[in-house]
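Next come the structures, one after another.
The following pair of complexes shares a single chain, chain A, combined with chain B in the former and chain C in the latter.
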Partner chain A sequence: MKFRAVMMDSSPMREFANIVSTISKLSKECILRLSSDQLYFIVSEENNGPAPPILWCEVPQALFFSEYQIVGVDDEHKDIYLGIISANLSKSLVTLKTAKSLKMKLTKKQCPCLTLEIDLPSITMQQSRLVTHDVPVIVIPRKLWTEFHEPRVPRPDISIELPSLKQLRTTIDRMKTMSPEVVLRASAEGRLTLQIKTDLAKVSTRFRDLRVEAFEGPIDHSDSESESQINEDVSRVCYCRVDAKKFSMFLSADNISHNRTICSIVHKKLVTLCLQTEENVKLQCFITGIVY
Partner chain B sequence: MKCHIPGPNVKVLGRTIHALARLGDELYLESLSDCILLRTLNAAESAYAMVKFNKNFFSYFNYNYYCTDDKEGLKCKISMKSALNTFKSPTHMDKQVENLEIKLDADSCKLIFVVKCKHGIVKTHFVSILDCKAMQAVYTKDLVPNRITSPHKILSEAIGNFQNSDDQLTIEAFSNSLIIRNYIDSKTDLTKVIRTQISIKPIEFDSYIIGEETTITFTLKEFRALLAFAEALSLPIQLHFEVTGKPAVFIVHNGSTFEAHFVLATSKPDIPTQETPTQNNSMIDRKRKEVDNTQGTVRKKAHLSIDLSKCLDEDSHLFNFIDIPEDGTEVEKENQTQKVWHTSKIDCDNIPPSPTSKMKLKTIFKRCFESTFDVRSIQGNVLAENSDSE
Partner chain C sequence: MKARMDDGTSQYYFTASMDSGKTLCSLLKAIQFQESAVFCAMQEGLKLTVEEGKCVQASAYVPSDNFTEYHVRDDVDVIFKISIAVLTECLNIFGSAEESSLKMYYRCEGSPLLLVLQPQSFSNVMTDCEIATQTADSLLELRDEDTSEVAKLVLKAPAFLGLLADLEKSCDVMEMHLSPEHPNVSIVTYGMQDRSCIDMPKSSDMVQSFSCEEAVTLKYQLQHIRLIMKALAVSSKVVLRCSSNGLLLLQLKLEKEDQRQMFSEFYIVPLLDD
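Coming up: the complex of A and B.
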C-alpha cells in the first residue's frame, strides 16, 4: 500500500484546507478514502445501520494535486480507506493557506500515519522551512469497506437552489436557539420556507425566486394536515422536518468558495444538501427527516 | 529603596510581570546598588526566570533611600497574584500611567507601588511581603558551546505549528539545521497525537553557533511565556544551551536597560520501545513516592533555593535530573530499599503534604524516573521506513 501526493498551487491548497476544516466542524472522525481519481471524505453516524452517511465529500485529485500516486493492496482493491480524527487533520493543515507546497504520504512511523510535509515560507528571507506533521490514521480493513459505499438515496421530490449560505446560517442560528427542529418547505414555484414552531411563537422565513432544478410532483398530502399559503397549490409543495443543529452545521461550509448549493428534499423523509465548487468538489450532507 | 519608572517603561515592567506570572506563583524582588532583580521559580522547579533592570531603566533610583546600613541588597518575596493586580492590562498601561514609584523599606512589611495615572489619579498598592529571602539559580550562560540568536518571529512562527495540547518540546541542534519537534512521552498513545517536526535552516537565524550537537527537551508552556514576552517587546531571543540534562538559558535583552534570563530544565529523551512492564511498575511506585516524599522535596528545595552565598559554586548545576541506572536489578533493589524506608516513615508524625493541584509534579517527576536513554545508540538504526522510496 502506497500513497503519495503533492500540491503546489496556493488556491487549491487554500481550498483543501477549507474543506478539511469544514469537515472537522461537522464531525470528530471521518473516513478518508483514496482512489485513483478522487479523494473522498466520508462521515457516518455511529450505529446508524443502513442509513446513508451524514456526509459524503468528493474531491477530484487532478485539479488539486500536481503529483498523485496510489498503490492499493492488490489489483482488486486499488483504494485505500483511512480512519482519521478530522480535527487532527484540520489543525495540521491550518498553515496551508500560506504554504508553498504540501506533500502528503502514507507512512509507518511506529503506527500508520498520514505524513503531511508543508513547505512554509519564512518571513525574513527567501528561505523556506519544512514542517512535518505525522497524523495518526487507522487503515480500514477490506471487509469493512462496504460500510462506506456511496449512499443510494431515493429520488428527491424537489431540488431547489439555496440562497447564500451565510444569510441562511444567520437565520438558522437564530431559529435553533428557539427550537431544536426546523421545517424546510420548498415549492415548485421556487419558494423556500424555514419554519419553527414553539409554544409561544411561530417563526417563518421565506426565500423567493429560487431556481428549481427538478420537481417530481404532485406531492401527496393526504395523510397530513398541511398548512400552506392561501392560493398555493398544496400538491406542488413538499416539506421535511429536520434537526436545526445538523442543518446549521452544514451551513458552516460557507468558507468553501462554492458556486452553487442545491437542497433536495424527499417529502418528509430526507434532506440532501449538496455544495459544488468550480473545482468539482462535491460536498453532500444527508439529514434524515424527523417524523412523529 | 525607592525608584521611579517613567510611563513607557512601566509597560515593559508590566510585560515582565505577566511573563513571570506564567511561570511561578511567587515573585522575588531584590534591590542592589545599581539594579533591581525580579525572579521566579515554577512549582515543579523546572523553570526559573530572572529579569534585571539596570539603573538607567528608572528615572530616579535611590537604593539607600531609607538610610539602612545594610550593605547587602534589600530582598523580598511577594505573591505573584498581588503583583499582577498592580499591572493589570499592560497593553494600555503606557497610555494611562505617567509614573510608577516603587518603595521598599527594610523594616516595613509592605512593598509599595504608587501608580500615578493621567488626570491626577494616584493608585497605591500595598503588597504584603511574604518573606525576606532571595532565591537564585546557578547556571552558566557564557561558556556554553551552543548559542543561537533568533528574531522572535522565527521562533513564534515555528511554535505556532504545534498543538495547544503539546506540553514539551525537543530541540535537536545540528550544525547544518535545527529541528524542533513535540516531545512524545513513552506513555502516550501514538494513535492519538500528531507528531510535528520543523526543520529550520541556520541561515534564518541572526547567529547560529553549535559547538556540540545535542538534543534537549523542555516544557513548552514556559517557552511560550518567553516568546510572548519577546514578542511584546519585539526583541530577539538568544538561546544558550549545553547538552542534554543541563539547563538551557534563553535571554531577552535590549542592550542597556534590562536583561531577562529564562532558565528551563532539559531532560533526556526516551523511546517507547524501551519500556518493559516491570520497569513500568517501579516507575509508578517511585513517582508516587517522590510526590509524597517530603524529605525528597526538602532536599531538592534546599538544592535549588539556597541563598546567594552558597550559590557561587559553579559546579552545582541546578536543574540536573538524577540519572536512574539502566540496570533492572539495581532499579529493583533501590526500589525495595525505598519501600522499607517508606513503610517505616508512616509511623512518624511527619505527615507529607498533599500535592496541590497547581503543581505539575506529576509530569515533571515522571520524567526523572523514566528509563534514561542515550540518543546515540539509535542513530543509524531506522525504526520504521517511509512508505515511499525517497
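Coming up: the complex of A and C.
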C-alpha cells in the first residue's frame, strides 16, 4: 500500500484547505478514500452505527495535484480508505494558504500516518521552512468498505438552484433560534420557501426567480393537509421538513468558492444539497426528512 | 393574502411601515431582558414595555415620525402581549448587515401581528411573519404624581456606560450620593472586602447638566442598574431623574442618521433600608 501526492499551485492549495476546513466544521471524524482519479471525503452520522453517509465530497485529483501515485493492497482493491479526525487534518493545513508546496504521503510511524510536508516561504530569509505534520489515521479494512459507498438516493421530485448560501445561512440561523425544524418548499415555478411554525410564530422566507434544473411532477398531496399560497398549483410544489441545525451546517460551506449549489427534494423524504466548484469538486449533503 | 397598505387600511387596528427596521431592532434588543413585552400602538407612536419582577420597567418608544406610514384606529385600544425575543429575531431575519424595509399589520384583537420584511439589496426575497399575540397583563404604575423630583442629571451615554462597566460585577448594591456640594455625584459599591467609589463632579466632561437642591443618598440593586447597559450602548444621551421616594427614571435618546429619534426609558425601584 502506497500513497504519495504533491501540490504546487497556490489556488488549488487554498481551495483544498477550505474544503477540509468545511468538512471539519461538519463532523469530528471523516473517511478519506483515495482512488486513482479522485479523493473522497465521506462522513457518516455519528453514534449511529452503520448508516449511509450524510456527506459525500469528491475532489478530482488531476486538477489539484501535480504528482499523484497510489498503490492499493492488490489489484482487486486499488483504493485506500483512511479514518481521520477531521480537525487534525484541517489544523495541519491552515498554513497551506501561503505555502509553496504540499507533499502528502502515507507513512508508518508509531501508527499509520498521513504525513504532510508543507514548504513555507520565509519573509526575512531566502531559505524556506519545511513543516512536517504527521496526522494519525486508521486504515479501514476491506470488509468495512461497503459502509462507505455513495448513497443511492431516489430520483428527486425537484432540483432547484439555491440563492446565496451566506444569505440563506443568516436566515436559517435566525429561524433556528425559534424552531428546531424548518420546512423547505420548492415549486416548479422557481420559488423556494423556508418556513417555521411554532406556538409563538409562523415565519416564511420566500425566494423567487430561482432556476429549476429538473421537475418530475405532478406531486401527490392527497395524504397531507398542506397549505399553499393562492394561485399556486400544489401539484407543482414539493416540500420536506428537515433539522434546521443540519441544514445550517451545510451552508457554512459558503467559504468554498463555488459555481452553484443545487437543492434536490424527494417529496417529504429527503433533501440533497450539492455544491459544485469550478475545479469540479462536488460536495453533497443528505438530510433526511422528518415525518410525524 | 395580505391587503395592500394603501387600500382598506381602516379595517386594520394598526398598520405601519418604515424603510429600515434595523434601528428599531437594536432598540428592542436593548430592552430584551424578558421573554415577552407589552406592545402598545398609540397615535403619537409605538411603545413596547417589559418588566423585571416588580422592580424594573423598561420601555422602547418609537415616535410615529420614524415611520413612513403609521395608522392607528382612534376608536380602539391597540395593546397586546407579544414575545419580544421572536419579534427581534424576525426583524433581524436577513442579518444585521442588511437593511430591510418593514411593514406591520394588526387586524383586530386576538389576531397575530403580521410583519413583512424585504431586504434592500436583494429583490427576489421577502419574509412574512405571523407573531402570536395575547391579552396584555397590566403594567406597574410607577410614576407617582405626589412625589417631587430631587435631582436631575443629563449625561453622555457612552461615558456613563464606561463608568457602569468599571463597577465590580459581583457587587449587589450600588449607592448613589447626590449633592449640590463637590463632588456632586459619587457612586459607591461594596464588595466582599472592599468599598469602591467613583466621583463625578458636575464639571466633568460627561455631565451635560446637573441640578440637585439638597443632598440625597439612594440605593439600588446593581443588577437592575446593569439592565440599562445595552440601551446605553446604542444611545447618545441619558437623563437621570430621582424622585423623593427614591424611584429612578432613566430616559435614553437614540439618534438616527436621518435626524429622527427613538427613546428608551427605565424605571428602577430603590432598595429600602432595613
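Please note the rule applied: the second predicted complex is superposed on the first by the 286 of 292 C-alpha atoms of A that agree within 3 Å, B and C clash if a C-alpha of one lies under 4 Å from a C-alpha of the other, contacts with A are read in each partner's own complex, and residues count from 1 in each chain.
The criterion applied here is as follows: a contact is a pair of C-beta atoms (placed from the backbone, for glycine too) under 8 Å apart; a residue touches a chain by one contact, two chains touch by 3 or more.
These figures come from a predicted structure and were not determined experimentally.
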Fit or clash between chain C and chain B when superposed on chain A: fit
Partner chain(s) touched by A:Q110 [first = chain B, second = chain C, both, neither]: first
Partner chain(s) touched by A:I138 [first = chain B, second = chain C, both, neither]: first
Which superposed partner A:T171 touches (first chain B, second chain C, both, neither): second
Chain A: partner with more touched residues, chain B or chain C: B
First, second, both or neither for A:D199, with chain B first and chain C second: second
Partner chain in contact with A:P163 - chain B first, chain C second, else both or neither: second
Which of chain B and chain C A:F207 touches, first, second, both or neither: second
Chain B versus chain C as contact partner of A:S257, first or second or both or neither: neither
Partner chain(s) touched by A:S235 [first = chain B, second = chain C, both, neither]: neither
First (chain B), second (chain C), both or neither touched by A:Q127: first
Arrangement angle, chain B at one end, chain C at the other, chain A at the vertex (C-alpha, nearest 10°): 70
Overlay on shared chain A, then closest C-alpha pair between chain B and chain C (Å): 10
Chain B/chain C common contact set on chain A: none
Residue ranges of chain A in contact with chain B within the complex: 1-4, 69, 85, 88, 91-92, 95, 105-111, 113, 115, 120, 122-125, 127, 129-136, 138
Residues of chain A that touch chain C when the two form their complex: 163, 167, 170-171, 174-175, 177-178, 199-210, 230
Chain C residues within the chain A interface of the complex: 1, 83, 86, 89-90, 92-95, 98, 112, 122, 124-132
Residues of chain B defined as touching chain A within the complex: 151, 153-154, 157-158, 160-161, 163, 190-201, 203-204, 272, 383-388
